[in-house]
Each structure stands twice: as C-alpha cells, then as structure tokens.
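First chain A sits with chain B, and in the next complex the same chain sits with chain C.
Showing the complex of A and B:
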C-alpha cells in the first residue's frame, strides 16, 4: 500500500463526546446572544452558524490534489484545500457584497449572487486546470477512487498512468468543484449579509451618527469578519480532509458530518464575538 | 446607456489587468518555487539530489499574495487620503509591498535551505543574488495590476468594500487561480522532463527532479523562461476570465429581472464552461487513448 492509498481510506465516524461538547458550545453562544443582545442579534448568529456549516460542507466538494496533483500523481486541482476554497468563497463574497450594496435587492438575490460568484471562479479554474493537463502535459483525466465516473459513466482504470493514483480532473470532480464554489460563496455571503444588517442597525446608536455615515465602518467590519470566518471554516474542513480529495465520489467525502459540527461550533463562537463588539 | 458602456469599458480594463497579474503571478511563483511542487524541491536533497532551485514556499501562494496585494492596497489608500495622485500612489505602494516580498523571499530561501543542511544541500549566494531580484521584479508586475484593478472596482464601479479589503479578496483569489492552473505545468512538465510526456509521474520517482539545464546546472531563472510559455498565460487567462465574467455579468445584467438577470447570466456562463470542459475531456480520451505502459519503465509499488 502506498502512502496515498493509506491516507485516503476515510469514513471515520463521529466522536460523540466531542460532538456533544460542540453542540453545548453552540447553545451557550446562542444563550449569551439571547440574554445580552437584541433579538436581531440572535437571527444574525443563526445566519453566521448556517453560513459556517455551508462553507465547511462546500469545502468537501472541492477536488484538491495538492502537491501530488502538480506531478500528475493524483487527480484534482494542484493546490491546498483551504487556499482554493477560500479563493472561491471570497470571489463569491465580492459578488454578494456588491449585490448587498443595492437597496433594491433582497436576501435571496444577495445570497444567490455570492453563490454564483464562487461557482464561476471554480468553473473557470477547473476548466483551465484540465486545459493545462490535456494540452500542456498530454494527460487525459482519470480518477483513482472510482471505476466509472458517476455522472458520465466513463471508465477510469485504463487511462490511469502506471504508478499514479490518477490525474487531471474527471467530470464528477469538475461538477463537485462548482458545487463547492456555490456553497462556499453562499455561506460566506450569508455571514457577511447577516453581520452587515446587524451592524447597520446597531452602530448608528453606538456612534451617534446616521446610517450613511456608519456604512463604511459596517461594511468593513462585516467584510473582515466574513473573510476571517471563511478562513476559519475552510481550514477546519481541510483538517477533516487531510490533504487530498477528489470530490463527492471520494470516500473521504463521507467524513463531512464531523466537519459540519466543527464548523458550526467555530462559527458560533466567532459569531458571538463579532456580535459582542457592537453590543457590550 | 452611457453608464453601461462605461461599466463595460472598466470591466474590459479590469479583466486585462487581471490577466497580466495572473500571468506574472504564476511566473513569479515558479521562479521562486512557491507553488505545491515545491515539496519536490524540498524533497530532492533528502533523496540525494543536490540542486540550485530557489525555494521560498513558507505558505502557499494565496495567503502570500493576499498579504502583498493587501499591503500595497492599504499603503496606496493612505497615500491617496494624504492627497497623492492615485496612479503614483498605486505605483509607489506596489514597490513598497515588493520590498516586503523581497525580505520574505530571502528569509524563506535561507530558512528552507538551511533546514536541509544535514542532507548537504548548500546555500548558494549567487542564487540568492540573481533569483531574488528577478522574483521581486515579477512580483511587482503581478501586484501592481492587481491593485490597479482593485482601485478601478472601487473608484469606477463603486464596489462597497474599501481598497484594502478588496486587496485581501482579490489577492487570495489571484493566488488561488495561479497556483491551481500553473502548478501542474511547473511540477510535472518542468521538474520531471526526464519522465515520459503524456503520463503522470510515478510515485516512485518523487524527489528525482531534473537538475541540469542545456548549459550547466539549472537555476530557477530557467524555470521562469520555461513556464512563461504556457503555465503563465494559462494562469493569466484563468484569473482574467474570472474577473471579467464576474464584473461583466453584474454590470450588464444586474438591472434585468430585478437583479436575477446577473444570476441567470452567471448560471449560463458556468454551464458553458462545463460543456467546454466535457468536450475537451472526451477529445483527450479519443485522441490520446488508454495508457500504454512502457516495457522499460520501472514498475512502481
């Protein structure tokens, strides 16, 4: 068994003690918010938690091959999980924030704009990755984790180079990457949008200024917290993946429930501090 | 109508700037060996292959570029608040950010190489002198257009984020797009030219990177020359298309169907890219065919 095979078995179950502690932390964060902050803050915290778990879930879809992918030793995009997921999510946040600045647009349009921004980055990146593999290195895409592509039905084994785990970006990985970008962009934008609404409601009283004057501060604060929480959740999910993942067909994908609990807990605690800076 | 035309013009300019930034970013990271294939550069001396390749990968490209573009954006913003001409502010701020990059490159190379001392990998002073300045020059070509693009988004398209925040967002996205697209070409086609073209590198060949150029030992400057012909332009095209389509769909279709126009346009663009990807995947399988093992090739575990 090679090192890559050894690390890709996946599928460890959920640790019940750790999960219970995580859920208790989430409940404590919600209780503190409920007791010290106005009702709008509770809605914001729930939004932040949902955004965090969307990011954590989305990261598992992104096909990342790390250094082995850069040598054509394993399928996926040749970069780190947290890096790529953060790149996609932040591009989504850019689109979502732009839509949020337009007062005519409601919740659904803002979140959808963020999702499409992330999906677009992944769609273009995945295509260019395959172009470099196919036209720059002469390698067709082949997966090492499944015999047939679950979407197209293409067989994989015959196209795999000797001594490798596969290479390139099979179609299922491409679709997984786009789904990951959509979820990440939506999650990041949700965190930003909920915090922005809360800050623009509370900051005018705290700073004794009108809404137009505090908007640059509210946007900057919400943006910084959204970027920060994006990185927190992407890195947490990356620890769950440990290195490389091909996409939704990879056995490691089944580990996502652990990451969801972890990301929700981390987001609850981070979200609590993001709310407390304007409440206490 | 005029505002839409203005928006499209800015979109095209931002896309062009992003293309330059992406191309220079990949070439810079290949000269400095900062992408994922750096693990092979780090591994080579441990396998007994002493080399003259620069290696400055302390963190990945996305956080590093996030840092440099954000420094440049923050300093440029401060200059502009102080009343400096925006173009001058962007140029000087980018130059200042590149000094940070130069310090980072030097300390990273020395630190990473020193950690290999027990494998008898020397620190080459001439490599520091020649490669550091070249990687700084390429970083300037990457950072300046990236910051100029961020300034355009704030000044011309009224994006709500301040300049420094856009620097974080697009700096990290620039690094992510560049490292994703350019890395395989540098990692496989450049470092493993002794391996068969049209096949992945067997795991058993890890660390056995090609160390000699046409004349003498290869240095990282040769890597820049090689990867600038495909990986750089591909990374530039990738980042340029991301920025262009993200802006284009919003500028042109945001007012259609109460905001849903830009989202529908985004979905259509994603589907088009998906179809192109599927087409080239099938094309590759038809034209290259299944893998043909070489009888002389070493069978790996």
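Showing the complex of A and C:
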C-alpha cells in the first residue's frame, strides 16, 4: 500500500467490550458526583452527558467533503469535521448564552435558541457553499452515495461528473447539515446552561461574594468548559467518521452508535472534572 | 487498517523530546513561583518559556500521531489537545488554592487522566486502532494544560484559582475593592490563550508536512509560533502585572520570536535547496 492510499478506515460495527467499559466509566463518574457533590451537581453532570451525546450524534449529519470537495470531487463542505462542528457549536453557544442571560427565559427557550443558532450557521454555510459550487465552479449538486435523493426522489447519476464521488450539496446533505447544526447547537448550549446554573449556585459561597458579582466568572468558566467539551466531542465524532461524510444517507452514518457511547463517556469524565472545580 | 507514513527519518527520538519538553516546562512553571518572593512579577516570563517547551514537545507528538492517516487533518489533534487540556488546567488551579505549589504537577496528572480516556475512546470505542493513539492524546492533553498554565502565568503572574477569579483594584489610595469582572477568568482571557495555544500547536507540523519535512525546521517553527503567541499574551499582561514585569515578558517574547524566525527562514532556504534531491516517501516496517 502506498502512502496515498494509507488511511484509517475506522472499521465497522461496535466494539462490545470497550462499549461496556465506557458505560461503566459513565456510571463511575455519576457515582463520584453523587457522593462528593450536592444534588444539583448530579443534574448538571447528566445534562453535560446528554449534551455531549447530542454533539456526537449531530456531527454525523454535517456534510463534510474536506480537500476533495474543494476540488469538486466529492459532495460536502470543503473543510474538516472538527472545524465545521466547532463553528456550528459556537454559533449555537452565542445564541444560547444570550437567552441564558435573560432570567425570564426558561430551559426550553435557552436550548431552542442554541439549536437555532447552530442550525442557522449550517443553513447559511450550506447555502453559500452551493452558490460557490453552482455559480463559481459551474457544477450541479449530485450525491455519489445514493442513486436517488431520499427526500425529493431526484436521480443523481446523470448530474455526476465522471471520476468523481459527486459534488455540491444535494438536498439531503443540505437538510442533514441543518439537522446537525440544530443538534450540535442544542448539545453545546445544554452543557453551557447546566454548568452555568451550577456555578452561579455554588460560586458565591466559595468566593464569598453575591451572585451578581460572580456572574462574569460563572459565565466565563461555563463558556470555556462548554467550548472545551464541544471540541473534544466534535473531534471524537470526526475520528469516528474518518474524513468525509455526505449526510444521513451516507453508509458511514451507520457508525453513529459508537460515537454516542464514546462522546457520552468523554463528556462524563470531562463533566466530572468541571464539577469538581466547585466542590474540591 | 493503518499504515504508518513517516514524514522524515532520523532526528532526535520522540522520547528524548518528550523528556526535555516535560521536564523543561515543569521547571519553568515552578520558576514562576519566584514571583511570590520578588516585589514584582519578574518571573512571569518563565510561563511563556514553559509553553514554548511544551509546544516543541507537542509538535513532535502531533507528527508522531498524524504520520498515521487519521483522516481528519492535523488541526483536529490540536483542538482535542486543548479541549481536554483546559479542563485539566482549570481543575489544577483549583487544587493550587488548597495545596500550594501543586498546580503544575496536578495539571500533568489531570491532563493524563482526561487525555488517556479520550485516547482510549478514540482507539477502542471508535475502533481507530492506531498504535500510538492513546499515548499521543494523553501527551497532548498534558501539553494543552501546561501551555494554558504557562500563558496564564505570563498574564496574571501566578495560577491560583482565587487570583485568577478576583482582582484587587485600588480606589482613592488606601481603599481597594475586589473586581471579579476585571479578573483573568472574568474577562474570559482563557479563551484567548486557548486559541493562541491551539493554533501554535497545530500549525507547525501542518505547515511543514510532506516528503521534504525535516525535524529541526518543524521544531523551529513550533518555537517561533510559541514566542509569537507569547507576544500577544505579554501584551495582555500589562493589564494585570507590574509594568516592568510585563515589559520583561514582552522583550523576552520578541527576542525569542526574532531569533527563531531568522533561524526558521535559514532552515527553510536550506531545505528548499535540498528538495531538489528529494526521496520518495519512506514507509518503515513494523510499529512504534
């Protein structure tokens, strides 16, 4: 095998032993939180785990083409999974953080704001990508992985250039990208919101100050932890995808169960550390 | 299945670089404690040197990991390094408040734990099956934590959680008040050092990779990126530490940057010439 062909295939299927160990790690993190931290911390850890799981699942919807997409040789956005997911997640986080700063907004509105922020960024990115492909590179959007678009039923074969895997962003990839942005934004915001609630409840006692004074610290800590965990989950999901994915119709999408286990485990351990900072 | 594609042969072995990076950065971090015994934070610049040591080590680790086709590009490795590192670093600053002089060691320990879990998930749960995966991600989480801690030391003069979260502001001479919004954490300057560090970590190998990659040139670029980030961090430090101490950090950073930049250009010219005699990509047998 030459260097050009060399790549990590990632393999198919679930590794049962590793998955069970991962679930045990999650339970250990929950048990430690339950024994050393107040009850509110347990709810925060569950929120962080669910948030990480949403990010890991959402990343699989985002159509990523990498370098081949930049040359019009595969469908998707011409960048890496981690960069794209981080963009959608941070855009979601801004929306969610804005809603979380307003005490009148409840849990549902905060998470929905985050989801819309992430979804909006992906929708705009996908639209601009297709404008560049169609009007800049002069190629129609066509999928290389399916003969018919699963949503519209349009055929792809006639529009696909010879020797390519497809190009542009077909309808299904566009829809997948927006769904991925919604899930990623919601997940990132959930991590931020749960940690913010925990920090604004516990930090006043630790620093002997009132809530209004410590808010900048709580927001900053929750924000940087949310960004850190978002990147960890996005990169782990990217490792699962190994490079490019067209969207929910891509065969690689079937690998998502192990990313969910992996991201939940990573979030549990990171979340435990983030909670220990206010209870140690 | 994975195949190792080594960019360059020979050079300093990775274990040596790791030992130098780890010991060098820890020694520099501990030297910043001298601030407590000086009348100004003159030792803050050692934090920046610790970050440079860690970035040199990290660049070689990324080269080691990304010589396997991980399929996601080099930058993702830098991102996961700092994503795990920031969590370890913040918990370590909290431990510092309870146990003085323990933060650098705590950052290494917490980084190793978070990194090992993330690496194990990538290798086993996600079935990447890359021999150096667990070790590399563990190393990179430690590096992320050390770089952030070093930059924090430059900016704030120390890395105790209480010192990062609150700042005394003098009003009307003897009176003073505690400001949380004006502190290092309150201003979210950690996010700035996060991006400065992660780009400095992921850029050098990404910029130099290819058949003509040479270890000394890549490492020189890593040092250059480290000093470049340190310049920004030193400028930010004017808001937090004494003027003379911040000036000292800035001068050290600029001198370091200019020296490494000139050396990097020299090495680039050498390798641009050597490229005429380039060999095909080497594929060594066996695993590391």
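In this text, the second predicted complex is superposed on the first by the 269 of 280 C-alpha atoms of A that agree within 3 Å, B and C clash if a C-alpha of one lies under 4 Å from a C-alpha of the other, contacts with A are read in each partner's own complex, and residues count from 1 in each chain.
Keep this in mind: a residue touches a chain if its C-beta (ideal position, glycine included) is under 8 Å from a C-beta of that chain, and two chains touch if they have at least 3 such contacts.
Because the structure is a prediction, the values reported are computed rather than measured.
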After the overlay on chain A, what do you see for chain B versus chain C, clash or fit? clash
Could you say whether A:280 touches chain B, chain C, both of them, or neither, answering first, second, both or neither? second
Kindly classify A:19 by the partners it touches after superposition: chain B alone (first), chain C alone (second), both, or neither? second
According to the stated criteria, A:140 is in contact with first (chain B), second (chain C), both, or neither; which is it? first
A:224 in the overlay: touching chain B, chain C, both, or neither? Say first, second, both or neither. both
Quick one: is A:86 in contact with chain B, with chain C, with both, or with neither? Answer first, second, both or neither. both
What is the contact status of A:105 with respect to chain B (first) and chain C (second): first, second, both, or neither? first
Counting only touches as set out at the top, which of chain B and chain C does A:216 meet: first, second, both, neither? both
Applying the touch criterion given at the start, work out whether A:120 contacts chain B, chain C, both or neither, answering first, second, both or neither. first
Applying the touch criterion given at the start, work out whether A:95 contacts chain B, chain C, both or neither, answering first, second, both or neither. first
In the superposed model, where does chain B crash into chain C, at 117-125, 171-179 or 261-269? 117-125
Residues of chain A contacting chain B in one complex and chain C in the other: 3, 66, 80, 83, 86, 215-216, 219-220, 223-224, 227
Residues of chain A touching chain B in the complex: 2-4, 66-73, 77-80, 83-84, 86-88, 90-91, 93-95, 97-102, 104-105, 109, 112-113, 116-117, 119-121, 123-142, 152, 154, 158-171, 174-175, 178, 215-216, 219-220, 223-224, 227
Any idea which chain B residues touch chain A in the complex? 35-40, 60-63, 158-162, 165-166, 168-170, 172-173, 175-177, 179-189, 191-192, 197-206, 230-231, 234-235, 237-238, 241-242, 245-246, 249-250, 254, 258-260, 262-263, 266-267, 269-270, 273-274, 276-278, 280-281, 283-285, 288, 290-291, 293, 297, 299-301
Quick one: in the complex, what on chain C touches chain A? 1-5, 68-73, 75-77, 79-80, 82-88, 90-91, 94-95, 98, 110, 113-114, 117-118, 120-122, 124-130, 161-162, 165-166, 178, 180-181, 183, 185-188, 190-191, 194, 281, 283
Mind listing the chain A positions that touch chain C in their complex? 1, 3, 5-11, 13, 15, 17-19, 21-22, 25, 66, 80-83, 86, 207, 209, 213-217, 219-221, 223-225, 227-232, 234-236, 238-243, 258-259, 261-262, 265-266, 269-270, 273-274, 276-277, 280
